[in-house]
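Structures incoming, each one as structure tokens.
Each of the next two complexes has subunit A plus one other chain: subunit B in the first, subunit C in the second.
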Partner chain A sequence: MDLPTIIQTVANSIVAGSVYAVIAVGLAMAFGVMKMANFAHGEFFMVGAYTVYVFYALMGWPFPAAVLMAIPVVALLGVATERFIFRPTRENVLAGFMATAGLAFIMQVLVGQIWGVGLMRSVPTPYMGAMDLAGARVGWQRVIVIPSAAVMLLALWYFLRHMKAGKALRACAQDPETARLQGININRMTMLAMAISGALAGLAGALMAPIHPVTPYMGHSVILTAFIVVVMGGMDSIAGAIIAAVLLGFIHTFVTTLSDAVTAQMVGVACMAVVLIVRPQGLLGRVKA
Partner chain B sequence: MVKKTGISRRDFFTKSSMTIAAAAAAAGGAAFEVPSLIGPAAAQTNEPTGDPIHIGFLAALSGPDAGWGLPGLTGNQLFIDRVNAEGGLLVGNERRPLKMFAFDDEATGSKALQGAKQLVLENDVKFISAIGGNPADATHPYLTKMKVIYASLISTDIKPDRPYLIAGGDVTPRIDMLRPFYHRFVNRDLHRWAVISQDDTIGLTSQAWEVGSALSDGWDVVYDEHYAIETTDFAPVVTAMLATNPDVVSLNLSYPTFVVQIIEQLYLQGYEGLISANYLDTESILQKVPAEFLEGATDSFPLFDDPWWGSPSWQHNFIEDWMARYGPGAPEDVHREITGIDWDHVITLKVWAEGVTLAGTIDPDQVLETMRAQEAIPSILGPATMRGKDMWGIDNMISPPIPINEVRNGTKRVQAQIRFEQWFESRKDEIIKVVEEKGQMHYQR
Partner chain C sequence: MTRENWIFAVFLAAVLAAACAAPFMVRPYSLEILIIFMINLILVCSYRIPAMTGDWSLSHVVMMGVGAYTTALISQQWELSILLTVPLSAIVAGIVGYIIVMPMIRTRGFGFFIASFAIGEFVRLTWVKFRDVFGGPRGMIGIPSGEIGAIDLFFPVPKYFFVLVIALICLTIMYRLGRSRIGSTFTAIYKDEELAEAIGINVPHYRALAFATGTFFAGIAGALLAHHLGAIDPKNFDINTMVYLIIWIVVGGSATFWGPIVGLIVMTFAFEWSRPLLEWRPLLFGGILIFFLVFLPGGLESLWGKIRDRLAPRGGGGEGPASSAAADE
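After this line comes the complex of A and B, so read on.
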């Protein structure tokens, strides 16, 4: 691998890591609060992309407006999922898993019925062209994912650290029973967690719509990566998810450049296995007392 | 972008060993013409005089692969309705209407076998339009036993033990073999050929034939790799390919979704050479890259509104009929643009229908024997032959002239139609040797 290829691959890795982080953080957060994995998280991502397809590609809205629209749309979807799936199945983790897996299929079929199941929906690239980074060229559409991810994660950090609702969310994640005794409404907090999780997935899907093939099945390809990131980082650790996302971005991109995507996926899963053997709680996960 | 050497289309045909028909077509700018037994000129009556012939459509109509199946229904239905408007298909002394039955195989073998049985036993179909691949593998023992003709889009499905499986509608891999030849003539100062496709069966096989052809045409094949079909981020794939500094990047039989993503990455990573692919969905691609970047790119799925075909022509009539029936605001609006897949399945259906009329029977053995005996059978891409023994072990490949399109100002335009057989005959030993080395001959797979 020569120097220009290395530089290009590093740039590709940073972009990939940012995308993984945006997708995975929402999943980690929902798990942290509810202790239940949302298998429909990939489909939340898909709905975010379709929101941009409808408002930007079909209706001609400005791209930023369509992206902003995706946030409440998928946040509401998250709220509905919490209210009608996770809350009734709170005492039965397996039922929650299965119900969200079913939700994923329902959403795929529903979107396919409305917008068709043909070849991919085409979303024009709003920011054509590429930025030159020390000899590496990265498309503007991908570049904007990096600051978007950074702003989003900083906002989330501020919310969780400095706002009352955020502190309540953290309390629920750490010890739901004690939080309840302190007067925190658990139902409201799980709903808030799913709203934020949905908003993040929607934002990720919206930003990726011009890059990723938009089909009813696009969630498949992201959910596995998202789970690897979350498990590597520590199931309920947002900071762990971010670190794992960046690591996996580099691993996937370098291995794909040197070999292929299947090998990259295998190496990614192998890394996850190694992390789990060495640190069963994940990179930044906590050991339960 | 690489500058061309200025060899014109006329020069191309003059300097190459193309057929007289192709040269005439190039000079006149018109498509091949062979009198069709199906169509207004051939119609003697518009009243059916015989029982309907049932046609099956066995493909993915739902799920991720539906994009390859659903559009085929429109083209086949247009063809069937046109035949029926003329009284039906001429079989011996009778005019027999066509009727289509569809089954959604979801691109899975078990569903396809279930569908094949239903279509044959319940609907009594005599011909099945299909996509092929895994469903072809699953259904061929049954359909061979029942002697039902199965028309796959994918030539790689053809094997000696599948006597009733015909293919060639999408002219793969012949188009992938002829694009290096075309570029060799049009761009003589280019030498470095890079080729890539997904790692599924048809990608592996089709690319092996393209590499053999490129080598036989004197290209230095600097990159010959496959990406995993699970790939979603093509940035690293393109980075690795561009590290070999190619003059031409060929995407071989990459699926349209992948083609868009790879071309976007080629643009973003500063590629300045030529692009060549089996199929370019220019509408989708031009939403990702500027038209100048795609200038000169080649593929082999023509647009039917191309002036090349002349007007009126079968191709122009098809697109007008399609728009009137399925286009925006039409009675059966499908809410999408017309694609190459809308007419792809019709190639084989029309050739089979011509074979039935020529044979005067729907008996599959006699129809296939008649088709193989013809010097030229009318197809929507020009006069086709039934060949393929050298490549697949049996003459079940429908082979019309191969169109080569170039993108000009954002629009694909046919630049040439090339007869495959003569070209292949002159270099087949060299090409087959490469395909064998890659383990992709029909007796190796």
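After this line comes the complex of A and C, so read on.
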């Protein structure tokens, strides 16, 4: 590999890592609060991309507005999922997970029937041109993913650390029973967690819409990666998810450049298996009592 | 024998007689469905073995694929009899299952589910990646239907009886296994892992054993599927197929041996009836899955127990084969 290729690959790795981070943090967040494991998280990502397709490519809204629209749309989807799937199956993690697998089927069919299954929907690139980095060229469309992801994650961090609702959410994640005794409404907190989780997935999908092929089945490849990241990071650890996401972003991109995408997936899974053997609770996971 | 045992024996004989008469009564297309049904029967029952210890996996269909690919490879390499390819594929699937469960054993419950998803995907991707051996995304073709002596299993009726006999053998073994000491050990691990450990059960060992046994039988189902279809590709064994298997189990319930079978029967009918609505089928099945998980978490088998309680409150009766449905959960 020559220098421009290396720079190019590093830049692509950071882009991939930040997208993985936004997706995986949403997944880890929902799992942290009341163990909601969402198999349809990849489909949330897909709906985010379709929101941009509808508002930007079909209706001609400005791109940033379309991206911002994806946040409430998918957040609402998250709230509905919490209310109708996770709340009734709260005492059984696997049941909620399997039911959301059914939800994933439903969403794929609905989106496919409304906007067509066959060819991918093309979302024109709003930001043409590329940034020149010592001989390597990185498209602006990819570059803007990095600050967008960073702003979103920083906002989440501020919310969780410094705002009352965020603190309540963390309390609920640590010990739901005690949190309830403090007067925290658990149902409202799980709803909030799913709204944030959905918003993050929707945002990631919206940002990726012009880069990633938009199809009803685009969530498939996302969900496996997201779960690898979350298991490596430690299931309910947000910081762990971010670290693992960046790590996996580099691994995936470098292996894809050197070999091919299938090998990259396999290496990712192998890394997860190693983490499971050496440190079953994940990189930053807490050991359960 | 108690009265319930007699009813059960008569019922079993009737099912067997119907199964033997079926190929001469139904249309060729229905026979095709019956063959697939028998293969799925082995698959769905084998899923219950690791599930008895509480380990729900998402790699079971991939393990079936290991059996199918082994069959494809060995029948391409050597001209072995179908009586050898099927057990050999099962053994390979069992060994692969034992290897992949080693990292997974460190996790429990939901973690196990996810780990099995990822590791199963790893196995499946090896078929996509190594084109020379496994044919890549296009898969492998030209798998012989096999023959026993002078009987060519290419024809539906002999093939049906072959699959029926294999399915009966497998089901009997799995049924006996579930009621044996080993089966009780599996259930003990599910009921209370720490207690099981305290009375000297080597929990990781038995969990690995349950998983490998499950994959062994899944390998048989895969071998039969490969011989039946004649061509396989990695898409046959992806997560969508796995979700359908989960739907059978959830609809039927997994507390007893009979739950998954009931689920498979019901969903096979649903699958055939929804044929005109082909592109809406995943939506329908997804809806069914959510409905059962939210409103009837015990599956159809738990319904049986509820009806019994309604008809004969505190009914005594012997330890009938289907009577423990409501006892669990």
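Here, the second predicted complex is superposed on the first by the 289 of 289 C-alpha atoms of A that agree within 3 Å, B and C clash if a C-alpha of one lies under 4 Å from a C-alpha of the other, contacts with A are read in each partner's own complex, and residues count from 1 in each chain.
Convention: a contact is a pair of C-beta atoms (placed from the backbone, for glycine too) under 8 Å apart; a residue touches a chain by one contact, two chains touch by 3 or more.
These figures come from a predicted structure and were not determined experimentally.
Engineer: Clash or fit: subunit B and subunit C on subunit A?
Structural biologist: With subunit A as the common anchor, subunit B and subunit C both fit in the superposed model.
Engineer: Examine A:206 and indicate which partner it touches, taking first as subunit B and second as subunit C; both and neither are also allowed.
Structural biologist: Neither partner.
Engineer: Kindly classify A:262 by the partners it touches after superposition: subunit B alone (first), subunit C alone (second), both, or neither?
Structural biologist: After superposing on A, A:262 lies in contact with both subunit B and subunit C.
Engineer: Scan A:99 for contacts with subunit B and subunit C and give back first, second, both or neither.
Structural biologist: So A:99 only meets subunit C here.
Engineer: A:112 contacts which: subunit B (first), subunit C (second), both, neither?
Structural biologist: both
Engineer: With the C-alpha centre of subunit A at the apex, what angle separates the C-alpha centres of subunit B and subunit C, reported to the nearest 10°?
Structural biologist: 70
Engineer: Is A:272 touching the first partner subunit B, the second partner subunit C, both, or neither of them?
Structural biologist: In the superposed model, A:272 contacts subunit C only, not subunit B.
Engineer: Thinking of the overlay built on chain A, is A:5 touched by subunit B (first), by subunit C (second), by both, or by neither?
Structural biologist: So A:5 only meets subunit B here.
Engineer: Using the superposition on chain A described above, determine whether A:71 touches subunit B (first), subunit C (second), both, or neither.
Structural biologist: After superposing on A, A:71 lies clear of both subunit B and subunit C.
Engineer: Once superposed, minimum distance in angstrom between C-alpha atoms of subunit B and those of subunit C?
Structural biologist: 5
Engineer: So which positions on subunit A get touched by both subunit B and subunit C?
Structural biologist: 112, 117, 260, 262-263, 265
Engineer: Which residues of subunit A touch subunit B once you look at their complex with the stated criterion?
Structural biologist: It is residues 1-2, 4-5, 8-9, 12, 15-16, 112, 116-120, 122-125, 128, 130, 137-139, 142, 210-213, 215, 217, 221-222, 252-254, 256-258, 260-263, 265 of subunit A that touch subunit B.
Engineer: For the complex, which residues does subunit B have touching subunit A?
Structural biologist: Interface residues on the subunit B side: 62-64, 66-67, 70-71, 199, 225-228, 230-233, 235-237, 239-240, 243, 256-257, 260-261, 264, 267-270, 281, 283-284, 287-290, 335-336, 339.
Engineer: For subunit A, which residues count as touching subunit C in their complex?
Structural biologist: These residues of subunit A touch subunit C: 35, 37, 84-85, 88-89, 92-99, 101-106, 108-110, 112-113, 117, 220, 224, 227-228, 230-231, 235, 260, 262-263, 265-266, 269-270, 272-274, 276-277, 280.
Engineer: Spell out the part of subunit C that touches subunit A in their complex, as residue ranges.
Structural biologist: It is residues 56, 102-104, 106-107, 109-111, 113-115, 117-119, 121-122, 125-126, 128-129, 239, 243, 246-247, 250, 279-280, 282-283, 285-290, 293-295, 297 of subunit C that touch subunit A.
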